[in-house]
Amino acid sequence: MKGAVWASLAARNPAIRFLDVNLRGAGQVIFQDNPLSGALFLAAITVGSLRADAPEVIAGAVAGLVVSTLTALLLRADRDSLGQGVFGFNGVLVGVAAATFLESSAAMWLLTLVGAAASTVVMLAVSKALEAWKLPALTFPFVLTTWLVLLAAYAFEAVTIGPMAPPALVESAAAHPATGDVDLLPALLKAPAQVFLIDDSAAGVLVLLGLAVGALPAAAAAALGSAAALAVALALGTDPTATSAGLYGFSPVLTAVAVGCVFRKPSWRVAAYALFATVLTVIVQAALNTGLSPAGIPALTMPFVLVTWLFLLGDRETE
Amino acid sequence: MKGAVWASLAARNPAIRFLDVNLRGAGQVIFQDNPLSGALFLAAITVGSLRADAPEVIAGAVAGLVVSTLTALLLRADRDSLGQGVFGFNGVLVGVAAATFLESSAAMWLLTLVGAAASTVVMLAVSKALEAWKLPALTFPFVLTTWLVLLAAYAFEAVTIGPMAPPALVESAAAHPATGDVDLLPALLKAPAQVFLIDDSAAGVLVLLGLAVGALPAAAAAALGSAAALAVALALGTDPTATSAGLYGFSPVLTAVAVGCVFRKPSWRVAAYALFATVLTVIVQAALNTGLSPAGIPALTMPFVLVTWLFLLGDRETE
Amino acid sequence: MKGAVWASLAARNPAIRFLDVNLRGAGQVIFQDNPLSGALFLAAITVGSLRADAPEVIAGAVAGLVVSTLTALLLRADRDSLGQGVFGFNGVLVGVAAATFLESSAAMWLLTLVGAAASTVVMLAVSKALEAWKLPALTFPFVLTTWLVLLAAYAFEAVTIGPMAPPALVESAAAHPATGDVDLLPALLKAPAQVFLIDDSAAGVLVLLGLAVGALPAAAAAALGSAAALAVALALGTDPTATSAGLYGFSPVLTAVAVGCVFRKPSWRVAAYALFATVLTVIVQAALNTGLSPAGIPALTMPFVLVTWLFLLGDRETE
């Protein structure tokens, strides 16, 4: 009912239509073509951002969202895709990531906005490249663009690196064990929030709520994915601080939602397949953390992208 | 004759059929859809494993083989491909590599078996992705899966890295020359064994025997490939210890067999093309050794995969 | 007129035809299927090479050019493409790069010539792989082959690394600012020369001349691309020494020519799109400088290749 009223408002008023497209863009970060989901995701970023005394993060999110959407308009992208927010979800993440890992400055914001605009070109390019395999681009445009922006930041005197681990050679965790225990509930709740790079349990609850509003099975898959990832992380002994912050859970959450209910019709068989994909995502997260360490950049959602692509391609039912 | 008896046994008895599929899986590591070749390859791993007092290596081989084959059954992979052992050869190598580079422990075996199962999904995905170019997956599923498993192992407290070179920045060999000479005969014989990560001349002879049983030209190509690779390694001055252990020869052996007789009908022209590919594989081996050093993982058979893909794609005769 | 005389000479005399093909090969480095452009580009390399007292660089260029072209003849590559110099431009760059970054020696020249020959196989392979997307190979065959050759060189005792930055972990430029100012005119003029790895303003003028002879819009795009890149480099604060040497400008020059006038019909819309691509190429240059630092190899023209592929794929007008 409310949905119908909103849709009719959006159809008549260009400003509300633009707002609608942007909210859907935020929603599409976890596959929700739904403005209310998007609003709740943005609320999660706002809560996490303000509670961490980092208002630049929500500013980056909104700026990235709007700039990437405007770029799609300028490039005359497909109207249907545009209306579903398909050109906003990478931009919002580019904005959040740049604002999180780099210190605010004029040059940093220039770099961020160029990156957000670029994410739309990358989205168009990657979508086209993957057409042959009927694969979705997922958040790969965000990952590629942000990796380039963050790597580049090291070379720019006008841009200061923020709380991002500098390039380093990895040492074996077994040889240098970390101390401390994993905080189980925060680990579970923060994973959905870390999809948006937010380290906050309340924000995680808002993200789950945003999913539930869009599609209950997605919310269930996200919660189960977070739990499965935590179990694997505990069994293999990942770093307790990172695990408690949900950093081994956010990519598995996305994998669980994507493989478990977005790109396949849910069934016991699909659930088992998605569970296996989710478990593997934890391992790939650990692998990319190691592999990217000498370059000084985080894995972002690449573990989700890689595993989901492999599992969608590898599933014969798709043929 | 014996082949016919075995085939008829396998057709009637499910246990023998399963054994047959697994032996063919071992054989397919070097393109032999032949249970006897597979048995000889497994014998090579066993000999090398036991003589090095490392029984976990043959255990890993068998576990990886069986788990990856069972995963293909569960995923209802194409029956014909399954029967030819196409879903076993990556698993056997994942098992050998994990058991070679990681210390045995419960978590390590969990990781290994998950990796072996994953190698089947990766095989299905990569084969599908490469269909457009009519390219074979080769051992890329093994390489990708094992890279991820080994990289991940650095991040897990429950998994201890074994005799694998830790992440390091490479120094120029010309500036820091190694001492010692290359042992020519071991270098030649160990190369075929190192396809299975086995550092043993007798095992190399068993591998060549396994090839000869499957296809004499393949055995000849392997032997010539090993010799050509050794000549290049000596000319350019690779590390004598690594060269003596066959580590600059195993990928070239695979390239020689693949480009020289599996995917092209042998001829003088094809032989020259395969020789050039084999020479290049030594250079790519050196390149990937350098490039992967900061990440702390070995090149595995990636030099073979990369060069063979390029040479199959680049050959106009294929059109 | 002169063109017609030359064409008729080339048609009748095999030696002149071979010279013509090789000159076109040099010309194709910046998309000029024109022997005079190629001659001017080779003149630029010669000038830069001799003024830097490094005659091995022009020797490498010519050797790489001839060997890669001969390899294409041996491999019976498509006659039309061959005649347009399509199999020479990667070889000329492989030869220049090897001679620039490695010290001359017998083993180094062996490696260089094998690399130049390999660049033709890679060109055939990459062109075929990209057919599905109607994308050109650009200089990717040069980049891939040279990366492999340079990485491999670290592992060979018989090959000494020359003036190439050894593997290192990057430190943030903001934390360790370089001293000195950017020399604006040299930065502008050297960028076109650095396409050929030449650090010389006069050579840059010859390159622009070679472009003007082939196609005036290409020369204009190159000059504007160099200026745009310099503005971005100054705004973000790249290393002044590298910027003054044109090292942040050569890939943008190529992007400007490719996106602005070679693969799209010039228009204001295309110009704006090409400008955006050119700006991004500076950022990708900085990113790859950081990302490749632990491996000890330069980015070469990969920033141009990556950005141009993305912008050609992402442009809906191409459909």
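Per-chain residue numbering starts at 1, and chain names A, B and C are given in the order in which the chains are listed.
Here, a residue touches a chain if its C-beta (ideal position, glycine included) is under 8 Å from a C-beta of that chain, and two chains touch if they have at least 3 such contacts.
Remember, predicted model here, so these are calculated numbers, not experimental data.
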Rotation angle superposing chain A onto its copy chain C by C-alpha atoms, nearest 5 degrees: 120
Same or different contact residues where chain C meets its copy chain B, judged by the half mark: different
Whole-Å separation of chain centres (CA-atom averages), chain B against chain C: 36
Two or more partner chains touched - positions in chain C: 132, 169, 294
Parts of chain C lying in touch with chain B, wherever the complex brings them together: 75-78, 107, 110-111, 114-115, 117-118, 121-126, 128-129, 132, 147-161, 166-169, 294-297
List of chain C residues in touch with chain A within their complex: 132-133, 169-175, 177-178, 235-239, 276, 279-280, 283-284, 286-291, 293-294, 309-311, 313-316
